[in-house]
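Across the two complexes that follow, chain A remains constant while its partner is chain B and subsequently chain C.
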Partner chain A sequence: MEQMIRVLVAKPGLDGHDRGAKVIARALRDAGMEVIYTGLRQTPEQIVAAAIQEDVDCVAISILSGAHNTLLPKVAALLKEQGAEDILMLGGGVIPDEDIPFLLDNGIKAVFTPGTPTSKIVECIKENVTK
Partner chain B sequence: MFDRSKLDQMKDKANQYEAQVEKSIARFPERRETFVTGSNSEVERLYTPEDIAEQDFLEDIGYPGSYPFTRGVQPNMYRGRLWTMRMYAGFATAEESNKRYKYLVEQGSSGLSVAFDLPTQIGYDSDHALSEGEVGKVGVAIDSLADMEVLFDGIPLDKVSTSMTINAPASILLAMYIAVAEKQGVSADKLRGTIQNDILKEYIARGTYIFPTEPSMRLITDIFAYCSEHVPQWNTISISGYHIREAGSTAAQEVGFTLADGIAYVEAALEAGLQIDDFAPRLSFFFNAHNDLLEEVAKYRAARRMWARLMKERFGAKKEKSMQLKFHTQTAGSTLTAQQAENNIVRVTIQTLAAVLGGTQSLHTNSKDEALALPSEQSVRTALRTQQIVAYESGVTNTVDPLAGSYYIEALTDQIEQEAMDYIRRIDDMGGTVAAIDKGYIQREIMDAAYEYQRAVELNEAIVVGVNKYQVEEESPTGLLRVDPVVGENQTKKLQALRSSRDNEAVEAALAGLKKACEGDENVMPFIIEAVKTYATLGEIADVMRSVFGEYQQAVIV
Partner chain C sequence: MKWTEPRQIARLISAVEDGRPGHEEQLKELFYQTGQAHVIGVTGPPGAGKSSLTDKLAKYYVDQGKRVGIIAVDPTSPFSGGSILGDRIRMNDLTTNPNVFIRSMGTRGHLGGLASSTHLVKQILDGAGADIIFIETVGVGQSEVEIVQAADTVLMVMVPGLGDDIQSMKAGIMEIGDVFAINKADLPGADRAKIDIQNMLTFQPEKDWLPLVQMVSVKENTGIEELAKAIEMHRSFLNEEDRLAIRRKRNTRNELIDLLYDKLYRRLVTQGNFERYLEQIVEKTLDPYSAIDKLLEDLRSENEND
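Then we have the complex of A and B:
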């Protein structure tokens, strides 16, 4: 049997807007992936620890507070520090287009902004995770 | 509502109409098999007197300004005074926010509304580890009374009404407001405004909780008790459906869950020994305004009627003011699109009409660029102008509750009331709102609706113009408002200076007094006011409370 793709959906920072994170968690589950959702207010350290402990293939981070330029690269750097840079990292939320190149240069594989169909995220994960 | 014999006479004509429609549809099929509201509730082709035959005009609709207030809380509504145009704003530092407030007052805004940054909302100082990257981002950073003094500098607090979107640490920010007013020479009984102070919806939908449910409810009843004696013009809570709707609920869920929260606060206050007619007049509500214009109007009318009935029948309120559901409205942030952002002005206009036709007491209109970033000054002005055009040019303010008597509106008002009451009954059966939150019931119901909507959009069953239909290639927007990261550093420096210049013994003594009050059952408000006056920081005060009350652990529900 084919192994299931495991995804950690994470919410770093202090914002409580988790509608997007939860909708995506469900959509990924409906697409046949195993999904772990961290809940709110996770530090980058907690997210990375969960990713490693749960042995996930992908960390999908949702952030709407505007703190993305600080927090997303920090998660990526910590993953690298732990030798886990092979974990696919995705970001999503209210993120201005002009911030995206910086995030892509700092360990984030793709950034999804408002209005993105969940099918596009599923596709991106399937393309980038080989099992 | 109608003479039965007249309704019977309609039957023949109704049958003829049905036959006519069948014939027409056979040749030209309708655009879809079923038509649904924005909340996915089925809509009939036509509404007639038959749909509201069971309604009684005086019992169910009645006159504005009297029970059950379906048509509005004032007898003449906007012919007397327009709603308060209250724009939610708060940027980075107290200095910048102060400037924005002065600008808004000059532009004709009639009330202030303060947005706090997330560390402030969760009771952390700007130099706390978890505050990294968040200081001043979604609102103003307030660490101590010193910041609050700057925030309201030159704004006479006896002249403006101020709404503060603050929940878990509402007691602390209210204490600071009272202390600033005192320095201006304004006594607490002159203060007008609102604190959101609605912790239950934080657990359900918004996420800025600190303490567990029980001490949180105590803090709220302490505020009720303190204000009814010392700050009598203050609205002590704004029971909020807004965030429940933003999280993806339907219109009926928004009403049902919000009023269920309201019931929980009333019960907590009664249990704490307060008298219903002493605190109920100061309860206020906060609803969303979505795109489905007529469903939204029906929603506000249903909410007013339900609350009046609940207060009178369930809680035995005697004062009319206790039965009046007064509410603030904000247009729906979740309906704004990053694509073709100028279309958002049109959406906000529809939503403004919904709120006004629904009889709102105050309104915030979102700016077109909010799906991209914090709004620019120019787009905030357009959003405010939208309200002013509806107020002065559209004519909808000339008569009270103009949509009353529409067969559709009245039938929909009934339907939303029934659906929302079903939710309240289910929550009662579970042992009340707190229990329903602990079980994850409310969160799951909202999540199901949110997912259903997302699915409908992806299948093109629900059309979002510019997103899944009528798309265009666009250039990335530029010139978005940004918060300088230096704000965090400056706030940290200010804190350091404050901690070394204040009377730290006085701070310690005040915090020790507060701790004792938290451990016992005295009202904590006077102790918090004492502490803020010594320039104890928000984080220090919240930490004392955390040490006694503990912290809420979220049930993770997907």
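Then we have the complex of A and C:
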């Protein structure tokens, strides 16, 4: 039987732009993954609860509001609190280059900014999820 | 398996979904805890409001102090094998409630409106202590009726404007509902839809339960409590005269056959000689009917040698 890769695509915080998240969701679907999409304006607590219940291998967070330095580490910390730090965390969206090292130091495996080919994200997930 | 350990529940579900070996012992243990939950199947055409309605009904039960499990099934792509599981979008308020556990499933090639492992996931949630389990099917057409084998009560979610009274007279999906919800009752044509469905239902004289039809509007938050009461009435009906036991025995029979089929299938196909016989069939040195007899014979001698 196949070992399915499951990904939660999440939109935290207050920005209402989910075009990017939907494009990613679609690309991951077409790469043969099961994508759980939970919609806009999720709190970190909602994202983590969904990630645990759905037993995802990866949480991919799209954020365009500028609150990435607060929200992304918060999700990572909550996952850790639940003993789920093994879940791969990815960030994407309008994130300035100078903020990326901070995120990488705080539980985010990789950050993808506008212009990234979707294939790169697929590759990153397949490389880091060991099933 | 405890309700308060969602990660463990979730991981067992994944193991079952992926068909990973080694979880049978856990399922065996769990089995003896099952049978407590009232299982409500929620089905209907795409976009009828199954998820939104499930969300509302789940809240109703949570407010009564119940533990609610939700299994939401969405289709898997026949091309890539991937899927977008989007039912949680309508259930965001429930996500962090400790009395609610939601799990999305892709059909992974299974037809009939559910995934092949949905029955097992239902058992896991039941065994973990759910009082109520909702199983939401994929958006259905006319003949995805498998939910009737998984649920105690089938809730059929309809909307106005799906067609004339002939549509509601057709065989298949319209025959399996125990309770009908006409959602989007704020839209024109809802009264007509209700009359058509009620007319259809009164022509089933062989049934001892006349399905209830309830108008609801998720948008305007009307009719939800009445719908929950209708579901409760069906549950009370099942509790009379061993009806629930009869229904569950029928469902258990089907589940047992599925499990048996699955196990036998795996053993027969992974058996050493399968590929060899296949080659012989392709070369026309063996016919498929004799090959099947040989495979069964091989399995028997394998068991004797064990």
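Everything below uses one rule, namely that the second predicted complex is superposed on the first by the 131 of 131 C-alpha atoms of A that agree within 3 Å, B and C clash if a C-alpha of one lies under 4 Å from a C-alpha of the other, contacts with A are read in each partner's own complex, and residues count from 1 in each chain.
One rule holds for everything that comes next: a contact is a pair of C-beta atoms (placed from the backbone, for glycine too) under 8 Å apart; a residue touches a chain by one contact, two chains touch by 3 or more.
Predicted model, so just to flag it, every value in this text is computed and none were measured.
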Query: After the match on chain A, would you call chain B and chain C a fit or a clash?
result: fit
Field: First (chain B), second (chain C), both or neither touched by A:107
entry: neither
Message: Applying the document's definition of touch, where does A:67 land relative to chain B and chain C: first, second, both, or neither?
response: first
- prompt: A:91 contacts which: chain B (first), chain C (second), both, neither?
  reply: neither
Task: Would you check which partner chain A:83 touches, where first means chain B only, second means chain C only, and both and neither mean what they say?
output: second
- prompt: First (chain B), second (chain C), both or neither: which does A:3 touch?
  reply: second
Message: With chain A as the corner point, what is the angle to chain B and chain C based on their C-alpha centres after superposing, as a multiple of 10 degrees?
response: 100
Message: With both complexes overlaid on chain A, does A:35 touch chain B (first), chain C (second), both or neither?
response: both
Field: Partner chain in contact with A:55 - chain B first, chain C second, else both or neither
entry: second
Message: Per the contact definition in the header, classify A:26: touching chain B only (first), chain C only (second), both, or neither.
response: both
- request: With the two complexes superposed on chain A, say which partner A:14 touches: chain B (first), chain C (second), both, or neither.
  value: first
Overlay on chain A, chain C to chain B nearest C-alpha distance, Å: 5
Field: Contact residues of chain A, present in both the chain B and the chain C interface
entry: 25-26, 29, 35, 37-39, 43
- line: In the complex, chain A touches chain C at residues 1-4, 6, 25-26, 28-39, 42-43, 45-46, 49-50, 52-55, 82-84
- prompt: What residues of chain B sit close enough to touch chain A in their complex?
  reply: 118-119, 121-122, 124, 129-134, 137-138, 202, 205-208, 246-248, 334, 337-339, 371-374, 447, 450-451, 454, 457-458, 464, 467-468, 476-478, 480, 483, 485, 554, 556-558
Complex contact set, residues of chain A against chain B: 9, 13-19, 22-23, 25-27, 29, 35, 37-41, 43, 65-67, 69-71, 94, 96-98, 113-115, 117-119
Query: Where on chain C does chain A make contact in their complex?
result: 6-7, 9-11, 13-14, 17-20, 76-77, 80-86, 88-89, 92, 95-96, 101-104, 106, 108
